[in-house]
Amino acid sequence: MHFVMMHAPLTAIEAETAARSRAAAIAVELSAAAVTFGQGERAVAALQATELRIPDGEFVALVGPSGCGKSTILKLAAGLVRPSAGVVVVGGREVAAKALRIGMAFQNPTMLPWLTIEQNVMLPLKIVEPYRSQFRRQRKASFRDKAHALLAQVGLTGFATRYPWQLSGGMLQRANLCRALIHEPRLLLLDEPFGALDQFTREELWSILQDLWLVHRPTVLLVTHDLREAGFLANRICVMSARPGRIIDDSAVAFARPRTIAMTFEPDFVALNQRLRDLITDARRAAPAPSEA
Amino acid sequence: MHFVMMHAPLTAIEAETAARSRAAAIAVELSAAAVTFGQGERAVAALQATELRIPDGEFVALVGPSGCGKSTILKLAAGLVRPSAGVVVVGGREVAAKALRIGMAFQNPTMLPWLTIEQNVMLPLKIVEPYRSQFRRQRKASFRDKAHALLAQVGLTGFATRYPWQLSGGMLQRANLCRALIHEPRLLLLDEPFGALDQFTREELWSILQDLWLVHRPTVLLVTHDLREAGFLANRICVMSARPGRIIDDSAVAFARPRTIAMTFEPDFVALNQRLRDLITDARRAAPAPSEA
Amino acid sequence: MPRPEIRQKLASAGLIVLFFVGWEVFCVVSGMSDLILPRPSQVFVTLVQRLPVLWPHIVQTLVTTMIGFILGVALGILLGALIGVSKTAYDTVYPLLIGFSSIPKVAVVPIFVLWFGSGTVPAVLTALAICFFPIVVNIATGLATTEPELEDVLKALGASKFDILWNVGLPRTMPFFFASLKVAITYAFVGTVLAETVASNRGIGNVMMSASSNFNVPLLFAGLFILAALGVALYVAFSLIEARVTGWATRRNDLAAAA
Amino acid sequence: MPRPEIRQKLASAGLIVLFFVGWEVFCVVSGMSDLILPRPSQVFVTLVQRLPVLWPHIVQTLVTTMIGFILGVALGILLGALIGVSKTAYDTVYPLLIGFSSIPKVAVVPIFVLWFGSGTVPAVLTALAICFFPIVVNIATGLATTEPELEDVLKALGASKFDILWNVGLPRTMPFFFASLKVAITYAFVGTVLAETVASNRGIGNVMMSASSNFNVPLLFAGLFILAALGVALYVAFSLIEARVTGWATRRNDLAAAA
Amino acid sequence: RADEVKIKFTLGWKTQGSDAAFFYAKDKGYFKDEGLDVVIDQGEGSGATVTRIMSGAYDAGFGDVNAIIQNASAKPDEAPVMVYMMWNRPPFAVVSKTASGIAGPKDLEGRTLGGAQGTPTTRLLTVFARTNGLDMEKIKLSNMAPNLQEPMLIKGDIDAALVFNITSYFNLVLNRQDPDKDFKWLTFGDYGLDLYSNGVMVSRKLLASNPKAVAGLVRAINKATIAIAKDQNAGMAAVVNFDNLVNEPVEKRRLQYSFDKLIISPEMKEIGIGDVKDDRMARAIGIVVEGYQLARAPKPEEIFSRQFLPPRTERDLVYVAN
């Protein structure tokens, strides 16, 4: 199964070269970034001073207990939340979206309810340059083909002209993924993009995502609860402590690419999983009660 | 960890007895139930003629590929969707909620945004008898304690007076579960209640749910993508085909209760999982394109 | 299922007819003087008899109202968007508008007349002045209550404030925009008629003024009926557009699934 | 962070003052006759000088308006809920209300006067009649656009239609209810004043009518200013309640997180 | 007191100096002396007084006799009856700027006239035109609210306005004009339209059910009118007592104007205040019937009843400006 990328600005080889030349650059950098929501007594510390540096073109998975601040880190990177302390630099600038083309799949697939699935998926093309200017100039039909091809890949053929409320939870999540990918972003922020899917659909999408990454080498930050998923997809896995979160472990995943599902049953892989499990178990132990934080 | 059930109308032993005497009764019955959404060309067949009979007090897990109609079956049982063909009988009547006290955890944790978490969780007590009448008569404080105890069990101490948008995805899902449980329903409809949680939180909640079921023996219909979860919790696992869905396999799970996490790594358990995996793989193959359905 | 739908429509029409029958009966039974409240049958007879004479007035009022209304809608959207987006505008423009809106427009009509002469222009301005406020309020509220999650979808893409307004704020606000249109169009008619009674030689307002000074109450009520009918006609037109544009917001699957 | 907030408020107040200064300058520069548009300073002077005389009229108008407004709100919620919940009501009551709303209320005041005599009662009724419609529309629209998912939460529990209305429909509609209150209160003032100009010996409407027939334009404008001020005062009161009740809907985290 | 007869009385317009008699009668207890409890409300126009009484909302009021004629034509059993004629001379007039050179009716041709719809002056314009041989085709009529007539006249949007002289005169004063020097007044009464105008009217119901009360009402008003003819300051005190927002100097002048220009006439001096001459009334009815194209000409006794008037000796009015 191959990822369909029409009108891709670069061939696969060109992309590889480009990726290598950018390799030294830092795509996302959090320095002592902390986030506290609310004020005074009711404040919730979501993120402790967090250090995270993601070089351009890397695939990083973020795992950790529920409520530890994973989504908050993604929102920091997307510029949707400002750090209450520390600095967040994306693509060399503090304003994320102006610096890098960002694709984000939110944890809750918030589709705009007045748009069909296809229109929702095409939304980034309406907003982000260079597609934006083309969108106005009759390129709409070819963009629609692009959207349909993506939707077909995730198994949503025939649902393009439905409205979001006509889709099941898992189907929405797949459409959400399409919306994050359609404009070939350089920074991909994925918040549990496969959570509501059955194992098989999930594994299929892993492969699609891996292929995509191998060709275009975007920087990817993936939040997941599935350690197999993290191991299969990522170059690096960051483990977070319980809220207020902080990165307590950062390990490289060395398995060769392209990885296969079979690989995930190999002893090395299982050992990695086990190590992560233990780390998270420890992390959860230390969870303080929220209001007393 | 023990499930806190204050003001439970029955002791555990009484409940056991009651459960046995009701054993023969059918809690949920779908006879040739089919659901088609929409009309004419745009119709989507969500569910083929489906047969499902769940005796009172049973714990049934429902697994199947994304979009196959699992949530639709739950909505049929809750009386939120009417079958376009066939009959749905719940607690001996066609109008579900009037016959049985129902607790439902929706796939998307739709909390009412103007209520705090605690108020959201207490909502069923405001609506469902016998709590409803007590709610008006100063029992509010004890009800609040009950809500707090439940929230504490799922690790949400201190978030009771927050608003839904102040919680992370996983935290919302846990609150959602509390709302389904608080009024001690006789029929529990759970739609992927642990989907957004990390493995550890998830396993903890499995145990809580199992304990609860052992004591009160409600009828449970659980939709899940996690085969380990299905095997750990259910008496019976129903496997559905791809959309339009239909139950293609219905197997009993014989492991002794109470089950432990360790048990899920035993060969018998792994074999069951493997069998289910194979069934679903076959089921997915046959998925037709939606609009051509 | 066309059967129940038709029955539904018939029942509704029946109830409306019943309303007029009730009015008729009330007038007859209570011996109400037709100087105060004529019987609807009287009004209808007058209406039919005088229709040829009334026609140019109807056209005049309708055209004037539509112009004022369209301008009012444009102004309303503009100000509503401004207030919904900018805190400063919320704090300054809102109170000024509330103040202006609390003023009976009949007091400003003379100013319009003295500036622009009597006739269509003051009527258009009065219609505009009276009808834009509900639109402002609903657009502003719609924008202020737009879920940040929906906006975040665009913000993450680096969308400008205007992009967000255009792609999220305004579409989300549509149901309430249409709600305010219903209010605005009725008030626009009131505004036009008001101005016509103050200074104009044509229009329903003028007819009503002359009917009232002739003690011709059935004709006065015929004018009112025409206004009501125009209001309802435009309401129906908007409803059709509304159903297309805001269908997403009013989907109702209450227990209904059957094809 | 009280600093920027205060600066914000000051900027807003400054802009409002600027508006009046602009008006003053316009009048002076254009040599506008104060018989058409008086300078705000003239109006303020008149206002201060005549306040003792005006006071009972202000109280009269305020009380009348408040009674009419409260009744109008109650009626509006009732009808809005009816229309939002029942298809038949939607098809019958809505067109009738639209029709009624398109009618200038000045035409129905004489009917009220006949039935209830001149004075406070017709003014209350006129205020009511003119102000309830925006509430009906917004409540009905709010109910019609309530997400079925939210209702399903209660439906699964076997809640009655009324339970759903009370626990989901109405709370969800609150932001738009408050929006409509802003419109309604201003129209309630207009209604009261209208009735007072037609049939009453007291109230701001009466003052304005007498000022206008005496060409005492500064006094007329003083009346307008009083109305505007009353409207704004009530708006502020509602805003405070609104902020408490509908805070959930207007949460804004635009990039703001810092404690 | 419980045995007092309650009478709801509507004025012809907002509080004006020319209404002083009613307030004076109330303040001095003249009504009370007659066993009446009179409640005075401001009005909507001297024509509307008729409808207000016909609708049953009011028992009596100060309004235009020509409006009675108009309504009595179609509804003789409902129309109120005039029982006390106050304004012996009609206030209907055409006012124009002296500078515009309108010296007589003929000069109105080719001009734009501003009229408030429904006012007698506007409605009688056709009769005025016919009587004076004008071609209505050549006169352009523009409708506007009464309070716009003078500003539009001053601004030059219209060449002349169809007005009540008693209203318009003071509107011009309030608009800082000199109504005597800069404006030319063509009064209808001087050009063949010899109509009566405002007086006290009562409902048929009151007339039938309580003639004593009507007589008392008329007696009290008559007494007050004669009193303030001698002392306008006392009359103004009553006006201010009713409505403290009035412009006292202007209203006093208006009160005096009403005596000067509308009440005092040779005829009034002959027959006394309150009464009419039947032949003149019949002529006036003829003019109104023609002007409004009424289906039926009511008889004078349907319109005016002199049975409640005090004896002639009590109706001698002597006006002394002070």
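Side notes on the structure shown:
First chain written, first letter: the chains are A, B, C, D and E, and each begins at residue 1.
In the analysis below, contacts are C-beta pairs under 8 Å (C-beta built on N, C-alpha and C of every residue); 3 or more make two chains touch, one makes a residue touch a chain.
Predicted model only: the values in this text are computed from it and were never measured.
A rotation of 180° superposes the C-alpha trace of subunit A on that of subunit B, rounded to the nearest 5. Residues touching across the subunit C and subunit D pair largely coincide in numbering: over half of the numbers involved belong to both copies.
Ranked by C-beta contact pairs, the top pair of chains is C-D. Computed from the mean C-alpha positions, the centre of subunit B lies at a distance of 84 Å from the centre of subunit E.
Inter-chain spacing, taken between the CA centroids of subunit C and subunit E, is 40 Å.
Centre-to-centre spacing of subunit B and subunit D amounts to 48 Å, using the average Cα coordinate of each chain. Subunit D has its Cα centroid 16 Å from the Cα centroid of subunit C. Subunit B has residues 37-38, 79-80, 108, 165 in contact with two or more other chains.
Contacts with at least two other chains are made by residues 51, 55-56, 147, 151 of subunit E.
Looking at subunit D, one finds that residues 36, 110, 114, 148, 212, 246, 249, 251, 253 touch two or more other chains. Those residues of subunit B that touch subunit A in the complex are listed here as 37-38, 44, 63-67, 71, 107-108, 155-159, 162, 166-171, 174, 191-192, 195-202, 225, 227, 277, 280-281, 284, 287, 289-293.
Contact residues on subunit A toward subunit C in their complex (touch as defined above): 75, 78-80, 96-98, 102, 104, 106, 108, 110, 112-115, 123-124, 126-128, 163, 165, 183, 189.
Here subunit D touches subunit E in the complex through residues 35-36, 53, 110, 113-114, 117-118, 198-201, 206-207, 209-216, 219, going by the rule given at the top.
Chain contact summary for the complex, subunit E toward subunit C: residues 47, 50-51, 54-56, 67, 70-71, 78, 117-119, 123, 141-145, 147-148, 151-152, 155, 157.
On subunit D, the positions that touch subunit C within their shared complex are 8-9, 11-12, 15-16, 19, 36-37, 87-88, 91-92, 94-96, 98-107, 110-111, 114, 133-134, 137-138, 140-141, 144-145, 148, 151, 175-176, 178-180, 182-183, 185-187, 189-190, 193-194, 197, 205, 208, 212, 220, 223-224, 227-232, 235-236, 246, 249-254.
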